[in-house]
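Take this structure first; my questions come after.
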Amino acid sequence: MLHILYIIAITAEAMTAALSAGRRDMDWVGVCIIAWVTALGGGTVRNILFNHYPMSWVEHPEYLLITAAAALLAAIIASIMTKLKKLFLYLDALGLVVFTIIGCQIAQQINLPASIVLLSGMITGCAGGVLRDVLCNDIPLLFHKEIYASASIVTGAVYLGIEYFGGSEGLAIITACVIGLTLRLLSIRYKWQMPKFVYHDEWH
Amino acid sequence: MLHILYIIAITAEAMTAALSAGRRDMDWVGVCIIAWVTALGGGTVRNILFNHYPMSWVEHPEYLLITAAAALLAAIIASIMTKLKKLFLYLDALGLVVFTIIGCQIAQQINLPASIVLLSGMITGCAGGVLRDVLCNDIPLLFHKEIYASASIVTGAVYLGIEYFGGSEGLAIITACVIGLTLRLLSIRYKWQMPKFVYHDEWH
Amino acid sequence: MLHILYIIAITAEAMTAALSAGRRDMDWVGVCIIAWVTALGGGTVRNILFNHYPMSWVEHPEYLLITAAAALLAAIIASIMTKLKKLFLYLDALGLVVFTIIGCQIAQQINLPASIVLLSGMITGCAGGVLRDVLCNDIPLLFHKEIYASASIVTGAVYLGIEYFGGSEGLAIITACVIGLTLRLLSIRYKWQMPKFVYHDEWH
């Protein structure tokens, strides 16, 4: 079940990443690489930090094929995607919570402490988007837009909390998904943001 | 033989990288670091992704010395290098195919599937330039200029294909080098580019 | 002793990193992530390159808490920090030499050759600031400002040299700290810079 959601999520992430690449006039190679980095980069960064090998896309090279195909499809049907904007925002939110839960599970498997399990979820959910923005030469959206990393942390905390108080894994996954998705979608709908820190003294 | 070409290639990559650093007014430390990252970064990223240690430059610290010396030399003789522009374009193309084949070989040694062997070649050939552009605060050239990553994939595919159909390793290396170099040089000569995906609707 | 200096250094690095984030109008999540990356990123990059696991912040998750708290505190008392500018420049210089020595020690523990021990010190001392600048979409300060990486190399060389000639570890640490700090602070005071390489021919 989580696996199916994961495939849907990486497909959707690859498609929206393709549009980011298109905004920078990239060619098809650039579109594929940005799609790979966005869809698979979060898990890859997590695995590097926690020394967890092999990478998912080495064991399942079909992930590379699926995401590349999705990205090129997105480049072809870009005008249709614009009309389906809302659907892709939902799918991106789904990706965030699914990646987060998978990241938490993997950190649990290698017996990391609870705070690092949460961090692993956040890295898995968010690092792909950060890498995409760095490669597109933007300041990562994550750092100044909406409730994104925070929704990831809440998702991970709900998941861990329910397991801690004896709930089954299934219950934990479903509840965390629902709460995380709701929080993320409400924050898009009502443009919730974290408080900002604006500091413009030239100090250096 | 491949080892000698490798040394020539990292030297040439370090020298052209130094000019990139010079365009950004970097000091000598910056010039060295950009040279290291460009010449040795592709293999380093590959090794991190595939958990293949130690790094070549840890086993052979002289690579660090060679590339740093080449970069500082390039900074000193920059005006001469400008006149040798073509030579350095050829050496950069040589570097691309040599790095690609080495990347494929290392992935074969650790028994990765064929698609990942190709990807390993591409990462080894291209990631150094991407890191250089990120550190110089540019959108990676790779994503929107000429046949570069594609030439790397073709090189790897020819190499793998010849071995698959029973050709010797030597034959595979030489044929892949010749075809990859020809493709890359023709693409520079005739300004071949991959199709671009230009998308300027403000969607986010 | 070195451990206490390390805690002081990551706290100070996190606080000055928070101001960098504030200059880019980041929200609190962004401030925390920039602080983590700046304070803990150097050691993390070193560990990835030398396959040295687990990360310090996985073994000591309290480092994440300390640096996040320090960063949020800095965001709150930014106006006071501006007045303490000099103190934070000193603490940043302290961080540079402490990180450098720790980086050298870890490379010695895993029996790397002397040149790589020096490089490990430089990476530990400097990579956090480079990652901060990449995420803030700047050209890394390291590459064009003042004696920074060079002070790190001198610190490492003094440390290694004293041990090589039979000095105790304690003597090596203290002497390297004093010389490294002095060099860094003099370079700030008198605006010493490394020679620059400026090259503006459009070659590519």
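In this document, chain identifiers A, B and C correspond to the written order of the chains, with residue numbering beginning at 1 in each.
We take it that a contact is a pair of C-beta atoms (placed from the backbone, for glycine too) under 8 Å apart; a residue touches a chain by one contact, two chains touch by 3 or more.
Treat the numbers as computed from the prediction; the structure is a model and nothing was measured.
*Asks:* Tell me whether chain B and chain C, two copies of the same sequence, contact each other through the same residue numbers or different ones, using over half shared as the line for same.
*Replies:* Copies use mostly different positions to touch.
*Asks:* How big is the rotation relating chain A to chain B when the fit is done on Cα atoms? Please round to the nearest 5 degrees.
*Replies:* To bring chain A onto chain B, one rotates by 120 degrees.
*Asks:* Quick one: chain B and chain C, Cα centre-to-centre, how many Å?
*Replies:* 30
*Asks:* Which residue numbers or ranges of chain A touch two or more of the other chains?
*Replies:* Residues 48, 51, 134, 137 of chain A touch two or more partner chains.
*Asks:* Can you check the complex and tell me which residues of chain B touch chain A?
*Replies:* 48-51, 112-113, 115-116, 119, 130, 134, 137-140, 142-145, 148-150, 193-201, 203-204
*Asks:* In their complex, what parts of chain C are in touch with chain A?
*Replies:* 18-19, 21-31, 33-34, 44, 48, 51, 53-55, 58, 61, 64-65, 75, 78, 82, 85, 134-137, 141
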